[in-house]
Amino acid sequence: MSILLDNRSRVVVQGITGREGSFHTLQMVEYGTQVVAGVTPGKGGEWLEGIPIFDTVAAAVEATGADTSAIFVPAPYAADAIMEAAAAGIQLIVCITEGIPALDMLKVVAFVRSRGARLIGPNCPGLITPGQAKVGIMPGHIHRPGPVGVVSRSGTLTYEVVYSLTQRGIGQSTAVGIGGDMIIGSSFVDILELFERDPYTDIVVMIGEIGGNEEEIAAEYVAGHMTKPVVAFIAGLTAPEGKRMGHAGAIIAGRSGGAKEKIARLKEAGVRVAEHPEQIADIVAGML
Amino acid sequence: MSILLDNRSRVVVQGITGREGSFHTLQMVEYGTQVVAGVTPGKGGEWLEGIPIFDTVAAAVEATGADTSAIFVPAPYAADAIMEAAAAGIQLIVCITEGIPALDMLKVVAFVRSRGARLIGPNCPGLITPGQAKVGIMPGHIHRPGPVGVVSRSGTLTYEVVYSLTQRGIGQSTAVGIGGDMIIGSSFVDILELFERDPYTDIVVMIGEIGGNEEEIAAEYVAGHMTKPVVAFIAGLTAPEGKRMGHAGAIIAGRSGGAKEKIARLKEAGVRVAEHPEQIADIVAGML
Amino acid sequence: MNLYEFQSKQIFAKHGIPIPKGELAQTPEEAEEIAARLGGRVVVKAQVLAGGRGKAGGIRLAETPAEARAAAEAILGMQIKGLTVRRVLVDQAADIAQELYLGIVLDRAGRRLVLMASAAGGVDIEEVAAAAPEKIARAEIDPLLGLQPYQMRQVACDIELDRALLTQFTRIGLGLYEALMRSDATLAEINPLAVTAGGELLALDGKMVVDDNGLYRQPELARAREMLEESPAEREARQYGLSYVKLDGYIGCMVNGAGLAMATMDMTKLFGGAPANFLDIGGGARADRVAAALRIILADPNVRAVLINIFGGITRCDEVARGILEAFAQVPSKVPVVVRLIGTNEEEGRRLLAEANFITARTLSEAARRAVEAAQAGTAAPAV
Amino acid sequence: MNLYEFQSKQIFAKHGIPIPKGELAQTPEEAEEIAARLGGRVVVKAQVLAGGRGKAGGIRLAETPAEARAAAEAILGMQIKGLTVRRVLVDQAADIAQELYLGIVLDRAGRRLVLMASAAGGVDIEEVAAAAPEKIARAEIDPLLGLQPYQMRQVACDIELDRALLTQFTRIGLGLYEALMRSDATLAEINPLAVTAGGELLALDGKMVVDDNGLYRQPELARAREMLEESPAEREARQYGLSYVKLDGYIGCMVNGAGLAMATMDMTKLFGGAPANFLDIGGGARADRVAAALRIILADPNVRAVLINIFGGITRCDEVARGILEAFAQVPSKVPVVVRLIGTNEEEGRRLLAEANFITARTLSEAARRAVEAAQAGTAAPAV
């Protein structure tokens, strides 16, 4: 496998009977993902296209050996769903749901860590190991297997970058959307670490944006710990200060979190920073 | 040293300027305890009989290297004081204060554990390693050094037992009052483990009472893990069911927690159970 | 502190738990009026802090207001486990399809709260625990995180709850947790939690135990304490900060420390006597508190001897001695008194008492033996 | 969502934080009346969601009600950083001995809240952080445990707070934490927290940022949103679930996904253009939402070209195409439109638009280049 996910991963979908949950479950199955169970409280015993549905994650894990969860439940219930997955022993929890309050996520992240589980998201497109499995909502067909690890805070911007890589015949080991919210389960550094250790990844593409300082921390990590080349793009150079750009992650407040600062730090750390998303593929192509 | 405490322990007293705090500080010093600091918020910079007072435990630890704390602050502030001690890196926290709400203690115990510290009490007389140091409110002069470890949920009943041991010339390695509240930091088992490993302890005396099932759990531990002989006494044979006997620890509710059951379990575990407190000394004398 | 059913249910209702419509009555007339107001069948329930009310006849169904009046007449004034019934709760009767159990209790050894549920409700949960422990589902509550909805769903599955009730059940569990946390309770229990014929969940009975240590920040509950059926002796003891429990024996005991007090009581039994009470004067007791303690003990007509056992640590023996003298000055008594003082300032304490001609002892066993002998001798030398 | 000073201070007061007496005025007459009611010296403060009010003349002292009226007259209607002042807060002026800073803010990387305090209050805390970081004391708040009193005491020592203020300061910090938690805020700040000449602490200014994701359970705050100075465009966008921010450029952008939207804006700049707005239609956008987005963009008179960039994942390209057609049917426009659709159902989407004669592009850079060219060409072929 590449990182986190492969075709042996056993996936349970929480919120499988919802509109998004059921649609993307079928998309995941079609891509080759082993979706072994679904969970919708009150609908245990039903089936979705041959996938058994359970009332609780614990029951799903016990019956099917699920080790990975994809969460599609609505925001007011999603924090509870993440904790349920962690309590049931799920190792990799991928929360697609958008709109979970930040203060809830503080508690959830602390709880998930205490259980030794890993959370990707929330408010993220999920992750995909091309040719093997996807857990999330990204269009599978734009990906192809290859040596480039992708990690991103954004959704469609990641598709854009992956698409341009694939168009040039450059495949991806795993592409991970870590999510755009203020409080997320896994940071750039968490995923960079995995790519650094992964024998199937040769180059890492990192897609950041304004707000927060995860990119700055990642730059420090790259300088100190990465041997593999990292290529980055930071969105938001034209965004004005103090304005909220779409999702909560993208706020510049005061002097920190601006695109220029992030780019400067990354460059200092030896990261090649692209001027626009399509340029990433050019830079990567030159490295291979 | 024996367990937990000796004459190298560096003690900070939280609530040192209160009536009880100041009185027992002097008693502890007189007994030979190294009381290196006191804490009373707002009185930092003052002194008590040559002991410097600080506003916070962190400041006391930084200035004096305190590793042990004795807490005498009033109940509404005591839970916070315990957490302050744990956060400041104190290893052994002894909380004398009576009347801390049980629900507060649930959080405090979880926090203290997460910091890797050890809490004795609350609502306890503290602990003493005779001839070396005491942290608490027990009368020091009734103790003498020797090979008997004492662990008890009670205060004055412990003095009674220690007194009768000392009267017969039998000394104590360390005597630990774990406290009478429903939620306490260290259980019988926690202390039994330490005595079992302590080369200065040959025999352990355990003093329990009705309520809860710590004694039953201790019996199981003794049967499974103790090589040293254990002599016990359980108070409350004449206490009626469902009545509250003085402190919160001593409630018998329904079928569990009664003195008869506790005694039966201890006997099954190979513990010699005395019929009255003074008999403990007889039994111990016969073993030495 | 145990709360009455009606108090517990009022707290439950504040936290969104459905309870039957009902009101409290102190007279048969009030019960009749309430039944008329509620309409239809009612249940009249003795409000008393003892288990086994049903078996004792303290719970009766009434089809009409007149029947409710008769039921209240029968129940009010009834003695249940030694307690007099002074109030009845008149509740609208529910049409019960199933009875569940739902409770949250402090797990002392686990240092956490545990939620328990069972489909076998309506009976003593301890009997279920003993006979069929697998019928009780549990959820351990993380002290720092609190009860989470997923835990309620898990418990619901474990007891095979009807799925249609899942949302209600979860809400009730979370409400019960809130009720407990906000009341500083160590137990909150709904038994039975009824499933009505109409498919609703309803808390038919309620029980809460409040942590006395939390009362300082629970002013409403502290006031509710006034409703408890305390004896005048228990009330006086509480006002002086004494722990006092009346028992059936004849040797009055006054001790410092709960553990030593129980050991002292046990010791009187060992020597063939029987303790008249548990009384802990606490740590550092001053003379006036000691005097109050002795007054309370001596007010019990069953007391034939008093055993005073003080191991001075914080408590100073001379202060205790002064309190004893003060009490006997106020309430002269012919009951023999055995005193054993040891520890801080014991010499001064003994000296004060020696002047007053008390029976003294050096050890606990000697003191207990002498107290039993004195009690059984009928009368002994007057104390003062 | 940023709250106004007066909103933040009302929330603070609910959590026991002392604030000056004061009221809100919308006219100079009201300001005069309030000043008369309060008596003595007042401060008249522009209520506007922008920093630097003081420098802009939006905060004035008034010794008399007449002066308060004059101050309000000067401030009301004033433009501060592009925002019109519609309300002033008239507060009793305090006699200030010292100005502290106290704030709690979300630490994204640390995944916790952090409390910060400084004895150097009254100025921009970020300037203090840059110039003299050692003057800021911090306490990391455990997400499962919450802020504890001992942390406040520690912080008080770190900023060398007068010991006489310790209890007040601790209570204010805990109140601020409660205010933040119960409002789903990600920032709550008191700057300055004044020490008055009388030795009291007083929150002279307040700022809170509420997490939009928490508004579903904050009905009061959600209603307070109505008071925000939103443009009609921003309001319409919000009602349709769109994220829209107006900017100064002339290329209208409509994109799905915030990151891609920003990258698209950046790309127009790279090709010499300037974005007129940020607009994220979100995931799975339906035709009516797309139509609303286009209407909003086209309502901006600065817009000289529109760039539509959709990468279909959840979002289906044919739905987006239908929305575009619908919008142009409703609001005919001569502004040139460049469309780039890719991903789910892209063929169908392109087919629908091809019929309507839009400028299409295959890549983002091509789309951006064409949009800039079209805008700079002045006018281009009419869209419909």
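General observations
Each chain carries a letter (A, B, C and D) given by its place in the written order, and its residues are counted from 1.
FYI, a residue touches a chain if its C-beta (ideal position, glycine included) is under 8 Å from a C-beta of that chain, and two chains touch if they have at least 3 such contacts.
These numbers were taken from a predicted model, which means no experiment stands behind them.
Touching chain A and chain D together: C. Taking each chain's centre as the mean of its CA atoms, D is the chain most distant from chain B.
Two chain pairs are in question, B-D and B-C; the one with more C-beta pairs in contact is B-C. Averaging C-alpha coordinates per chain places the centre of chain A 50 Å away from that of chain B. Note on chain placement: the centre of chain A and the centre of chain C lie 55 Å apart, centres being C-alpha means. For this pair, chain B with chain C, the centres built from the Cα atoms lie 27 Å apart. For chain C, the set of residues that touch two or more other chains comprises 142, 144-145.
In chain B, the residues that reach two or more other chains under the touch definition are 107, 111. If you sketch which chains touch which, the pattern fits none of the simple shapes: not an open path, not a single ring, not a star, and not all-to-all.
Listed by chain label, the pairs that touch are A-C, A-D, B-C, B-D, C-D. Against chain B, the residues of chain C that register as touching in their complex are 106, 108-109, 111-113, 126, 130, 142-144, 181, 184, 186, 211-214, 216-217, 243, 245, 247, 249, 255-263, 265-270, 274-275, 278, 280, 283-284, 311-314, 342-344, 363-365.
By the touch criterion stated above, chain C contacts chain A in their complex at residues 142, 145, 148-151, 153-154, 156-157, 163-164, 166.
Those residues of chain D whose C-beta lies close enough to touch chain C in the complex are 144-145.
Residues 20, 75-76, 98-103, 105-107, 109-111, 125, 137-139, 142, 152-160, 163-164, 180-183, 187, 207, 209-210, 212-214, 217, 233, 235-240, 243-250, 254-255, 275-278 of chain B touch chain C in their complex. The residues of chain A lying in touch with chain C in their complex are 41-44, 55-59, 77, 80-81, 83-84, 87, 107, 111.
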